[in-house]
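Worksheet for the structure shown next.
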Amino acid sequence: MSFYGVELRSRLMLGTARYPSPAILAESVKASGAQVVTVSLRRESGGERAGQGFWSIVSELVRDLGLRVLPNTAGCHSAKEAITTAHMAREVFGTRWIKLEVIGEDDTLQPDVFGLIEAARVLIADGFEVFPYTTEDLVVAGKLLDAGCQVLMPWGSPIGSGRGLNNVFGLKALRAHFPHVPLVIDAGIGVPSHAAQAMELGFDAVLINTSVALARDPVRMATAFGKAVQAGYDGCLAGPMEPRDMAAPSTPIFGKAVFE
Amino acid sequence: MKVLVNGDWRDVSSDLLATALQELGYRESVFATAVNGTVVPSSARTEATLREGDRIEVLAPMQGG
Amino acid sequence: MSFYGVELRSRLMLGTARYPSPAILAESVKASGAQVVTVSLRRESGGERAGQGFWSIVSELVRDLGLRVLPNTAGCHSAKEAITTAHMAREVFGTRWIKLEVIGEDDTLQPDVFGLIEAARVLIADGFEVFPYTTEDLVVAGKLLDAGCQVLMPWGSPIGSGRGLNNVFGLKALRAHFPHVPLVIDAGIGVPSHAAQAMELGFDAVLINTSVALARDPVRMATAFGKAVQAGYDGCLAGPMEPRDMAAPSTPIFGKAVFE
Amino acid sequence: MKVLVNGDWRDVSSDLLATALQELGYRESVFATAVNGTVVPSSARTEATLREGDRIEVLAPMQGG
Amino acid sequence: MSFYGVELRSRLMLGTARYPSPAILAESVKASGAQVVTVSLRRESGGERAGQGFWSIVSELVRDLGLRVLPNTAGCHSAKEAITTAHMAREVFGTRWIKLEVIGEDDTLQPDVFGLIEAARVLIADGFEVFPYTTEDLVVAGKLLDAGCQVLMPWGSPIGSGRGLNNVFGLKALRAHFPHVPLVIDAGIGVPSHAAQAMELGFDAVLINTSVALARDPVRMATAFGKAVQAGYDGCLAGPMEPRDMAAPSTPIFGKAVFE
Amino acid sequence: MSFYGVELRSRLMLGTARYPSPAILAESVKASGAQVVTVSLRRESGGERAGQGFWSIVSELVRDLGLRVLPNTAGCHSAKEAITTAHMAREVFGTRWIKLEVIGEDDTLQPDVFGLIEAARVLIADGFEVFPYTTEDLVVAGKLLDAGCQVLMPWGSPIGSGRGLNNVFGLKALRAHFPHVPLVIDAGIGVPSHAAQAMELGFDAVLINTSVALARDPVRMATAFGKAVQAGYDGCLAGPMEPRDMAAPSTPIFGKAVFE
Amino acid sequence: MKVLVNGDWRDVSSDLLATALQELGYRESVFATAVNGTVVPSSARTEATLREGDRIEVLAPMQGG
Amino acid sequence: MKVLVNGDWRDVSSDLLATALQELGYRESVFATAVNGTVVPSSARTEATLREGDRIEVLAPMQGG
């Protein structure tokens, strides 16, 4: 799998927010096998060193594990905000990658697909490599690809909800219509079986954050998601049987003994 | 001179962004800046001039999903 | 996890039927990491060596990998048939373990819970260690435990159907009512995410056959199921977050920049 | 003597199960036997006598799920 | 539809428990169009008149609307209890009909299918017309029919849970295997669409209680269920189209205008 | 319920395409109780009278039953096409109502929400009363309302698929965010229980076509949908109980007899 | 004589079920009776005798689902 | 004069839309027209002139969902 020419072995991407401690974050990243971690930006006052502290932890992980950093534009509600934030992220994190979020509604944190496409166009013209957080809408997907996006990140369900895949039909249609575009399920995955299901549907990767960070044991959950993504990927490529409505014996019935 | 830094009104004496940031306590650390909604790269801060009422955003790395 | 005092590391059990070739069966068993394989008996005519051939392959796997063999009574439609078959299996396979199937209906291959309980009582009195293939019925489960069964194997959906878990509610209730009894999902698992889901519900293990054997690439599918079972098990123990109806930002919104 | 072996009528001359099985071609291999629905363990075959019309099941290992 | 030779027009049966008031019960029965109402028995001390009061209300409804009363054996946990209760119900309510409940587990109120079959046999020998509250188990269903039951009442989900149909597959199989036996979904229906779905699956009738009695407006809910049952029944008989995986235009595309 | 100031009693709207015959169309409209029927336009060659024939049938129904006609722009793939078609429809059918369809993808017939919003703006400026066929996207919905739409018609699933509601979560969110806007489920309803479910979720109406027209008995299916819509509407307003995870006895257990 | 009526010990003077029920206040109303787990139909109550310690169930119609 | 009518090239002699439509067999019936993508209302057809190569759409009511 490659994103903008970068080859990746792991199909799990991990967010860095909401962990109980920096140490658990670091252990979770290691346990997950993820090669991409997402980060963000926030206001810092003079003298404060929180951002610096966080960044030194992540930088060390990045260096030690050979990770890629994927900054996001979380919380941006307009193309303009997202564009400005993306530029600041590029400077701070030193990467052209940007996970582009333009939020359209605060309860569901659903993408504003209009602002998203607008911002994607501008950022791609500015040299960014855009990973748009989008819906399963096929027309939107087409416009993002036309704008120059080479990866799409459709939501499974609202960010942080842990509901899994709300619209399996829509996601299947997206996969079917863009068979060669890397597609990453970006939000709402709650348990490992959700991640495996996403991969079985043919998605290329899964981005997880809350369901690892808020698990009772985040490190073990990170391990679990690492395996689930592999399981689902292998399962997809192994060519599953078609489900049947009624039963067929798995033990051949030819040669069955008769005891009267 | 009063400027709005991350949403709070602050007094700075310098009208250069780089110097003003030092006054405000930003040193050495990794951060990005924007003035009035326009990004000012690190390399341009020594030449960026401030005016009364300018809105400055100073952003640092944080956790993200 | 232990079944009748036998400690097992792997929570995946694998059936041996319907593989494209003996070699692929052997590779699949290895790839799965399973420590228990199910086998059966059938009529053999004098001079025929099919059973012998199959058994020499399985015996070698058993020896090399330290497997346990779990014979079944597949295809038996009465307690009497199942009891006789169990005794013959004990002699041939040299184990007190028996996966007890008493089939009540030929389309869905659903258990006949009446014959099942009757046969379980007799076999346990005869010294067998019984793994009953049963439904999610709590009352039936209680009677099987009263009869002396120390493991239960409820169906997920009909044998060979690949439908996954037809009655998640019923299976959850079974798990909740017998928290200390080893429970193995025995039939109907179609894809790795089904297996992960079963483990996330708290089941102790999963028995797979058709969905590996009939996959386009059985060996890869065996690998996939091996990982999925681990993923689901880790996921269950890691304490997943509760799903929410609405979104919660994973990236903190405190300190969000404002660009007007 | 006619006996039903795995559902087919066969002629055997011996009235001992062990010998009859040899006549029928079962040698060396791993199998289990039942006569008239009752299991006859391997060790008991040399003493188990057959009668006209007995139903013999001879089962060998096979694939199972 | 007929139960034991009694022709009924309405395919909705209504329970009489848990209504806010006797008046609302009476209005709900009328609004539902039900022709069968279920009742029960309980201990009454000398001088108490609660049972008498309830019965005079129901009797009046029965007389005015030409209803049939179906007493149940709710709360019985053994065949013996259920048999005794059934006999007492026959005396009090003057009917051979008995809704036979033998509860096997108190959290899910699931049927004890063993006690159920035993009690059904005895009661049928005693001249009762038994409506057994059972699971979707096909083998159990067969034994109940063998015992002489001419109607079966499988659960949708636990009594009072309002969860709808927990095991659609199992209920479909039950319907498919006993195409000529009147089958009534007896428990767990929560909203009108659940009732319509049950009828669309081919069930003959639906018995509702809690979801009407505990609705904010029971009378309106009774009306709703009355219509839903008819809708589902008509929908089943009208022969629905097969669902399709992808879309087909409903407006013919032949003759489409072209505006360049 | 009112659409653009027009009060309607029936919450079922019916399409006129794909019926076996004009007579069955007419009977189905009558049986459904619908007060709004959708129609379309197509190319007609000189001398041909198909459109005239169809229209005379519909006109008669409209007159006899007091129906409203809702022309659609089915098959249009751009705002421009849809706008032109809408104008032609207004002239032919003599109504300002237009069901605005701008199709974005031919397999799923999903809306092109960009063209949709553009066309809605233009048409509303031109004096139309627009019923936009849209997705469950909240941001799109907001823009359509800003453009002046006073009704929204989100899809349940692809037109003609009969799959029901693909994204219940998304539709619930749409309902919750726009509690006062008339919302009509426009596509994909396959059986009456789907329609009842849509109404139970709080939608104001349902538009059906294929699942009536292609039923084995369209007239009976039209009746069924008429009842289902009422059942779901009443059920919603009657205030359903909350579903529970476990059982609650409907028959009170206080006063239960004891037979030892 | 002490008898258990619907789970409570009660004193009755009559050893006939019908009379004892009257003593206990059951009149006119619709109910069914069982003694020691056996149903006693209404018609048999005048002949049913009670003994010290008998368990009597008296059940009346109630709401049911 | 050749015009494209509903996608087919047709010859018409009149350069007035109303007359051309009559030539093409459209009479009495309910239909709507557009020329080169622009709607021409019924009332304007008698004044609408056609040119060689014009694209005419003539649409009539049909079934719709």
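So that you can tell them apart, the chains are marked A, B, C, D, E, F, G and H in the order they are listed, and the count of residues begins at 1 in each.
Rule of thumb we're sticking to: a contact is a pair of C-beta atoms (placed from the backbone, for glycine too) under 8 Å apart; a residue touches a chain by one contact, two chains touch by 3 or more.
Everything numeric in this text was worked out from a predicted model, so none of it was measured.
The chains in contact with subunit B and with subunit H alike: there are none. Same interface as E-G, judged by over half of the contact pairs sharing residue numbers, among the pairs B-C, F-G or F-H: F-H. By count of C-beta pairs in contact, F-H exceeds the other of the chain pairs F-G and F-H.
Here the CA centre of subunit D is 91 Å from the CA centre of subunit H. Spacing of subunit C relative to subunit G, judged by their CA centroids, is 54 angstrom.
Chain centres here are Cα averages; for subunit A and subunit G they lie 71 Å apart.
Multi-chain contact residues of subunit B (touching two or more other chains): 6-7, 34, 37, 57, 59, 62-65.
Chain contacts: subunit A has residues 15, 17-18, 40-44, 72, 74, 80, 84-85, 88, 107-108, 110, 159-160, 163, 173, 209-210, 246, 250-252, 255, 257, 259 touching two or more partner chains. Considering their complex, residues 104-105, 107-108, 110-114, 135, 137-140, 142-143, 157, 163, 166-170, 173, 176-177 of subunit E touch subunit C. Here subunit C touches subunit B in the complex through residues 249-252, 255, 257-260, going by the rule given at the top. Chain contact summary for the complex, subunit B toward subunit A: residues 5-7, 21, 24-26, 29-34, 37-39, 41-42, 57-65. By the touch criterion given at the top, residues 15-19, 25, 38-52, 54-55, 58, 71-72, 74, 80, 84-85, 87-89, 91-93, 159-160, 207, 209-210 of subunit C touch subunit D in their complex.
Only residues 15, 17-18, 40-44, 72, 74-75, 80-81, 84-85, 107-110, 158-164, 187, 190-197, 200, 209-211, 213-218, 220-221, 223-228, 230-235, 237-257, 259 of subunit C touch subunit A when the two sit together in their complex.
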